[in-house]
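Heads up, there are several structures right after this.
In the two complexes below, chain A is the common chain; its partner is chain B in one and chain C in the other.
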Partner chain A sequence: MEKVIELENLNKNFPGFSINDLNLNINKGYVTGFVGANGSGKSTTIKMIMNLIKPDSGDLKIFGMEHGDYEKTIKQKIGFVYDDNIYYEGLSLRDLQKIIAPVYHDWNNETFYNYIEKFELPLNKPIKNFSKGMRMKASLVLALSHNPELIIMDEPTAGLDPVFRKDLLKTIQEIMMDEDKSIFFSTHITSDLEKIADYIVFIKDGDIIFNHSINTLQNDFALVKGNRSLIDRDTEQEFDYISFKEDTFEAMTKKPRKIAEIFGDEVIIDKISLEEIMYFFNGVE
Partner chain B sequence: MLYFLKRDLILQKKLLWLYVPFILIFVFTWSSPFLIFTVAALYIPYNALAYDEQVNSDKLLNSLPYTRLEITLYRYLGTLVYTAVSILLVSMILMLFDKPFTVYDIGIGVSFFLLIASFTYPLFQIFKQGNITTIIIVAFVLSIGLLSTLSEYLDDFSNAIANSAIDQSLLFTVLILSVLIIYFISWFITYSIYRTKDF
Partner chain C sequence: MKILLSNSSKDPFYNQIYEQIKSLILSDELKDGEGLPSMRKLAYDLGVSVITVKRAYDELEKENFIYSIVGKGSFVSENNIALIKEKKMQAVEEQLQAVVTNSKEVGISLDELQEMINLFYKE
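Coming up: the complex of A and B.
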């Protein structure tokens, strides 16, 4: 499968935090959700992809090209949305359009006005009077109007009400009608991801814990519940993570069929939600 | 390049109305014309820096299709363009109000400004965001103070040049060239710092 983002053995050291030998491939033509707790390295990874942070070592390719030689070509094809406001507060969307549009070869004013209308944004009001949801919509309009091949978003749904989150997810689905486009976005609201993501990348303490398709996660991972007495040194090996509560246990497994063979009707094997997977990977040791 | 000029002008559209009154204040309070050229040249580039500081503009600039070399170079070249505009504007105002000035006033005034810029632009890259406004104010007050103290001396200096036996145009060219070389070195220092920065 063609890759849109390829990170190989990336290293970056900060005081108190480091990313060591990070490897990550993002498939072209899909929505990939990037999840992990606060401070796990999501923003750092996104900033390295955008060349806002320079890795200490390692290889980084976007559309098969490196920033060193092709930074401008790469960024012409990327649309970006960040969780903090990076646009000049005193300016209106019309002013920002005047500033940003000439920067991109493929800027399309028609697309720009369509999104403005769709999101019901005021053209002549300064950004500083916008609500958080409106700011996010404005960032999205500016990110999408040059018809980018890759859309990178850092926590686009953080702090937004459910109505707008639904709008955003719908917009993402519309964008993905075009099979050449790819979306990579970080979030900690996992319910959003289950609706639209094709792949989920999970990062913890600067390490990629898994990078799976949503189908793999739903079919190969399962939640197992049963009586504590069933767990001994041997059976424990069949689970990835176990948590105990009084006389019962709750565990995550990547071998639901084998568990069914071993325990039969003595345990309940259930579908596992992304949130539960994250909970197990994050919290239970 | 055009993006940067356009951006500065759109950002400062309100402040630009104050540009002429700002120059007029100095025209009527100071006698040394070269000082007016210096102060007028400061206006647009330093306002732009103050604006950039309000938001995380480096994050925006570096996410747009620009290289770090371009971002720093355009800031320096843009400053030269605004300086040229300020020279025209101040010359017109001075002529309009019948205030005498020479080409040496322009040369010395602008050289002074470019030296201030050469010194402060790399500093902005070293100091953290949040201190830039302070640096601008301190640099402004210091340079005005320095200029006022030096103005008499510089007046004599420019008179001396004007009356000296040395080839005036040669001396003048050497001055401008040295300042431009310093300005270019300053860009190189700024770029060296900016190149490896994390945003």
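Coming up: the complex of A and C.
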């Protein structure tokens, strides 16, 4: 499969936090969700991809190119959305359009106006009067209007109401009708990802814990509940993480079919949500 | 195409899509040679990820229910063996169900029934 982002052995040291030998490939033509707790390294990774901070060592390729020689070419083809407002507060979308349009070869005014209309944004009001949701929408409009091949978003759904989150997901799906597009975005709201993401990357303390397709997560991971007395030194091996309550246990397994064979009706084997998977990976040691 | 996905089902989405398309084919609602929507179109319509639909189409293709032509899309297979076998299987299951129901009504035990089937099978 063609890769749109390739990170190899990336290292970045900050006081109190570091990313060590991070390896990550993002497939072209798909939506990849990037999840992890606060401070796990999501934003740092995204900033390195965008060349806003430089890794101490390692290889980083976007569209098979390195930022060093091809930063301008790469940035032409990326739409970047993030939650900090980078725009001059006094400017309106109309002003920003005039400033940003000439920067991109593929800027399309028709696309720009379509999104303005779709997201019901005012063209002539200064950004400083926008609500948080409107700012995110404005950021999206500006990122999508040059027909980018790769869309990178840092927490695009943070602080948005459910209605707009749904609109955003629909917009993402519309974009993905074109198989040459790829989307990589971080989020806290895992339920958004469970439906529309093709791959989920989970980062913890600067390490990539997994990069799985959503099918693998739904098919190979399960939540098991049962009586505490069922767990002994042997049966324990079949679970990846177990949390005990007084008389019962809850566990995550990557072998749901084997569990069903061993325990039969004595346990409940349930679908596991992404949130629960993250909980087990994060909390239970 | 009529496909309804349940959020609460234990069955993963790709399997729900696989099963529903399969039964549309078996019931002839999707005819031989008929084109299926593109994976990306169906993913958009159902509000699921592309890879989910891809997995369903891959499995359908592996089982010869559909075939794909690069650049043209996916189509319902014509007269394939898997399909015929599956249709026969379905008929056998329905008939067996009727046999079991009738047997229970007149008090034929499972052992007796199995013995009868054994005799018929060896004929």
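Methods note: the second predicted complex is superposed on the first by the 285 of 285 C-alpha atoms of A that agree within 3 Å, B and C clash if a C-alpha of one lies under 4 Å from a C-alpha of the other, contacts with A are read in each partner's own complex, and residues count from 1 in each chain.
The rule is simple: contacts are C-beta pairs under 8 Å (C-beta built on N, C-alpha and C of every residue); 3 or more make two chains touch, one makes a residue touch a chain.
Here the structure is a predicted model, which means the values were calculated and not measured.
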So, does A:A197 touch the first partner chain B, the second partner chain C, both, or neither? second
Touched chain A residues, chain B compared with chain C: B
Touched partner set for A:E174, first chain B, second chain C, both or neither: second
First, second, both or neither for A:Y88, with chain B first and chain C second: first
Considering only the touch criterion stated at the top, classify A:D270 as touching first (chain B), second (chain C), both, or neither. second
Between chain B and chain C, which residues of chain A are contacted by each of them? none
Of chain B, residues touching chain A in the complex: 2-3, 6-7, 10-11, 51, 54-57, 59-60, 62-67, 196, 198-199
What part of chain A is in contact with chain C in the complex they form? 29-31, 169-170, 173-174, 176-179, 195-199, 213-215, 218-219, 270-271
Can you tell me which positions in chain A touch chain B when the two form their complex? 47, 50-54, 71-76, 78, 80, 82, 84-91, 95, 98-100, 102-104
Touching chain A in the complex, chain C uses residues 10, 12-14, 40-41, 43-44, 47-52, 55
